[in-house]
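Take a look at the structures below.
Paired with chain B in one complex and with chain C in the other, chain A is shared by the two complexes that follow.
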Partner chain A sequence: MSEAVAAVRPRRGRPRGLPRPSTALLWALPPTALLAVVFLYPLALVVRQSVHPDTGGTSLQPYADVLASGAFREALWTTVWLALASTAGCLVLGFALALVIAFVPFPGARAVSRFVDVFLSFPSFLITLALVFVYGTAGLANGLWTDLTGAAEGPFRFLTTPWGVLLAEITYFTPFVMRPLLAAFSQLDTAQVEVAGSLGARAPMIVRRVILPEALPALAAGGSLVLVLCLNEFGIVLFTGAKDVTTLPMLVYGKAILESDYPGACVVAVVNVLISVGLYGLYRVVSRRAGA
Partner chain B sequence: MLVHSRRARRAVWAVFLVLFLPLFALPLLVVLAASFATHWSGVLPSGPTGAHYRAATHGEALQALTTSLVTASTASVLALAAGTWAALAAAALKRRYRRVLDALFVLPVAVPSVVVGLATLVAFSQPPFLLNGTRWIVIAAHTVLVTAFAHQSVAAAAARLDPAYAQAAASLGARPARVLWTVQLPLLLPSLTAAAGLCFALSMGELSATMMLYPPDWTPLPVLVYAATDRGALFTGSAVAVVLMTATLLVLLAVSRIRTKASYR
Partner chain C sequence: MGIRFDGVTVAYDGTVVLDALDLTVAPGEVMALLGPSGSGKTTALRAVAGFVRPASGRVFLGDRDVTDLPPHRRGIGMVVQSYALFPHLRVEDNVAFGLKARRVPRAEIRTRVAEALDLTGMAAHARRHPRELSGGQQQRVAIARALAVRPDVLLLDEPLSALDARLRSGMLTELARLHRELPDVTMLYVTHDQVEALTLADRIAVMDRARLQACGTPRELYRAPADAFTASFVGGANLLPVTVDGKGARFAGTHVELDTTAAAAGARATLCVRPHLVGVGDGPNRLTGTLAEIQWRGATHRLYVDVGGHQVMADVRELREPPGLGDAVTLHFAPEDAVLLPAGVGDE
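Take a look at the complex of A and B:
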């Protein structure tokens, strides 16, 4: 009986020429081994070094030292609030700009969205470099001010404070929110917007009741990606060159390269990895739920 | 159309321009303007000169440009090979294994690149892998950083790939290598070139891990930009940055031409 059923059932398994599950596992081995050598093994060494102080032996003393230090706490706080504020700024600005490009299109809107793509392929430190010329002590904005008022110095001197980093991060990361949003908007049926409009809904209400619910998954995915990228941002902070703006990646760099304190650097690195991998895991779950 | 009245639309556009131009167009314009200037003490830069470009395309800077190009191309090719292999191998796996492999290959995105630099430095400064002080330590770190993006892009395309093509070829007697070479890879070509462009651009602009690793005789362009601005040579730094952007854009343009050719096939 079972043989008869088996004969009727289509033959299970793959057609000849496609890998079997066991050989498929074998094929997955070489890239995984490569990744293990160049990435997982180094990461494991960082964790090992973080519990091996220079004096020898195994202890959690490096963790106790670093976690108790004021510099670390301040860097942690700066990193977190800068990342949260930048993400919020990127979400608001990205949503507003994408809304205009998608629903109030103007001649050249396509060029603008292509410009956004190009913007993504430039390194982040360019923004800080540019801001020096715009808001620096002898830059465009201060030059305009001194020319207009005749004052000796302009009022803009926020570049070397956390606010300069915040402005640079919002500028650089907003396109990362705009791209998934524009993709989501292109799939939104414009008839919904038209119908809502013809039923008498005004623009703010359409945005709130029709567009925002459709955009939420893309906002969540883009926002959590930007949060992780901001937590790990290094180039912008390095180029700002301010002594009082230290984030966790800057602390890792400073301890390892400038102070040669490798156990300390490894401790900060482990903390930084835990925070950002945790958040990135959350991002993957959110974006998979959202189907993005 | 969300906004119907002509005046309201004009107002929305005005707000858009007021936000968009200073934030996104101005930074690129000022870097470009500064690269041709010798002073910037008023509204506009002054003292037009081409000397910064002479500095940015000769000697140390020219060497940094070739360093960056070699590093980025090597890292992109290695990352594409490893990422595509992993993505295709994962596509043939059972769901449980596939998710593990995908998670492993995506992990470098979540790990801060400074930490990737530190880890590479720690691991390759001791036996059995002694790479510290050579160009290979920079290339290895760049490869790790961009492999995740190559893998993600190819894995997404491989998941959308209709298995019927590969099955049809296999049922006609094609060996797996031939199925891969004549059916699967050509179908994946658009996503492969997109991934190549992304990897190249990321590697060209990579600063965080590079700052931890670079040996004196292998200095990529971003490090040179930082070195110039750090010693106060902002205008030369801008010229080097413009060279960096132009090189990246030219390569991206060339890659996108391959892509359009592939999608017309």
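Take a look at the complex of A and C:
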């Protein structure tokens, strides 16, 4: 009896089950150390290198040089508009496809939904490669055209332009928007859709006023993920073979590997990281305001 | 505007969930579809709403055949068990939803929203979001939303099932009041709760295993059920196998008197008598048996008495000195309180 009373009596100080503060600190040490070694240290090295020009000493000259160069500004612009356009495309296409899979009963909807999961595991270059096989200079579409018309070349040349990159990014990243959307749609009470219909609402109004508001958090989550991934996408741009499309990751690669301009490469890398972190911060602020 | 089911059959993947339903609901009538789960009652309601397409048969609203019309063109109001309020819209916007969908002028929307919220006693909560309301309040908003479009037909699908017992009884009174204030609105009320059906409905359609079993006023179904399922589902009943003889029937070796005009002498039949119409002690139609079980229910005692191998239930006013298990108990019932049903059904 006395033992039972002792067991329920609240103890002074730290609650039961939680380690002492000093022990807690000890537990936090290994992951922090690991993070510092494998992530923060290399990042610090990149930042350090970016302020150490080849001429020696510490200076912000590499930043002045890179930021003043037309190539950088063009790459920055290309990166941002491609990422924004891809994200917009993925949101529109992903929302439409997820709507059909979730709300239009058709045989095989489950199989399509499963395939979306499998698609997420594909490497980005694979999709690009597939597009090259279909729309490339010697691809399926051009081959069919030349066979049919006897022309020397087919009309499909957009793959090596920014539009090719855009198409590849939208194709590859759309499932990243669909996955959270399908999860959100599965939580939606279908009675809401039915009641809206019985009240006189047609499909467009039901989508706009019933489904979309409930899908906003999922759209924000999928959209921000796609935006950050597109900003940093390297494989797709490289594999489309679009020589004139230079994004920030491509510029880092060019400066570091082709020009051996490490300080310049590091400056671009730092800018790229800042944009990603900045956009992520913006997303957190916006989503918190929206109550997502 | 009335509702008419004309041989409506609904099947999913070859399984018939509603079997050739013929039913007419008069304009302004409250019809309860009462039955256990899987009886087809919700399917019937969904066929009126336009969410399921009959494999055969037609559904009429008034004189209009609506079988092929999409839900948004049927002009009905609907209230469901889960309320299905739009969580991101305020109460007033939820109620205005159907009016906006029907492109009602803005000024009129405002007056009709206020009207509907007044009618359901929710005017003070117009600016709230559904998550800030209790279950009962949310259901009132759902009813206001359905009524705001001034439907001729209101479909209610287990509207009180998500509420606790006390709230449910309050809402039942509210629904009855609403019906009195809106006598022209035809209501189809799906429920598995016989109390809701008996309290609210002008007529009850009893459903079981995809079929309509019986249809009539609550009093008819209660007093003179046509079959054993209706008898046991509406109110609960003793169903005892008997053989009809001259001026009554024989049950477990005892002669009981009752009206047997509907049955031929020598025929097997089922005697139906409500437990609260069975008394303890001497009286007409005496049955003697041993007490198998006794339950105290506050104001009443429920006795389970074994009479010749058959269980007879009796609900009696709380007994000061209840008998013990195994004691001999004498029961009785008035001949006019017993109903004779077709044979065999009582053996189920």
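Please note the rule applied: the second predicted complex is superposed on the first by the 260 of 292 C-alpha atoms of A that agree within 3 Å, B and C clash if a C-alpha of one lies under 4 Å from a C-alpha of the other, contacts with A are read in each partner's own complex, and residues count from 1 in each chain.
To be clear about the criterion, a contact is a pair of C-beta atoms (placed from the backbone, for glycine too) under 8 Å apart; a residue touches a chain by one contact, two chains touch by 3 or more.
Source: prediction; values computed, not measured.
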item	value
Room on chain A for both chain B and chain C (clash or fit)	fit
Which superposed partner A:Leu43 touches (first chain B, second chain C, both, neither)	first
First (chain B), second (chain C), both or neither touched by A:Arg209	second
First, second, both or neither for A:Ser121, with chain B first and chain C second	first
Computed vertex angle (chain A) for partners chain B and chain C, CA, steps of 10°	90
Chain B versus chain C as contact partner of A:Gly200, first or second or both or neither	second
Contacts of A:Leu144 with chain B and chain C, given as first, second, both or neither	first
Touching partner for A:Asp189 - first (chain B), second (chain C), both, neither	second
Per-residue contact with chain A, leading partner among chain C and chain B	B
Which of chain B and chain C A:Leu219 touches, first, second, both or neither	neither
Smallest separation in angstrom, by C-alpha atoms, between chain B and chain C in the superposition	6
Residues of chain A at both interfaces, chain B in one complex, chain C in the other	194, 197
Parts of chain C lying in touch with chain A, wherever the complex brings them together	49-51, 70-72, 74-78, 80-82, 84-89, 97-98, 101-102, 142, 145-146, 149, 155
Interfacial residue positions of chain A with respect to chain C in the complex	189, 191-192, 194-202, 205, 209-210, 213-214
Contact footprint of chain A on chain B as seen in their complex	1-4, 8-9, 12-13, 15-16, 19-20, 22-28, 30-31, 33-34, 40-45, 82-83, 85-86, 89-90, 92-94, 97, 101, 103-116, 118-124, 129, 140, 143-144, 147, 166-167, 169-171, 173-176, 179, 197-198, 201, 204-208, 211-212, 222, 225-226, 229-230, 234, 237-238, 241, 244-245, 248-249, 252
Partner chain B, residues of chain A touching it in the complex	14-19, 21, 24-25, 27-28, 30-32, 34-35, 37-43, 45-46, 49, 93, 96-97, 99-100, 103-104, 106, 112, 115-116, 118-119, 121-127, 129-134, 138-140, 143-144, 146-147, 170-171, 174-175, 193-194, 197, 203, 206-207, 228, 231-232, 234-235, 238-239, 241, 248-249, 252-253, 256-257, 262, 265-266, 269, 272-273, 276-277, 279-281, 284
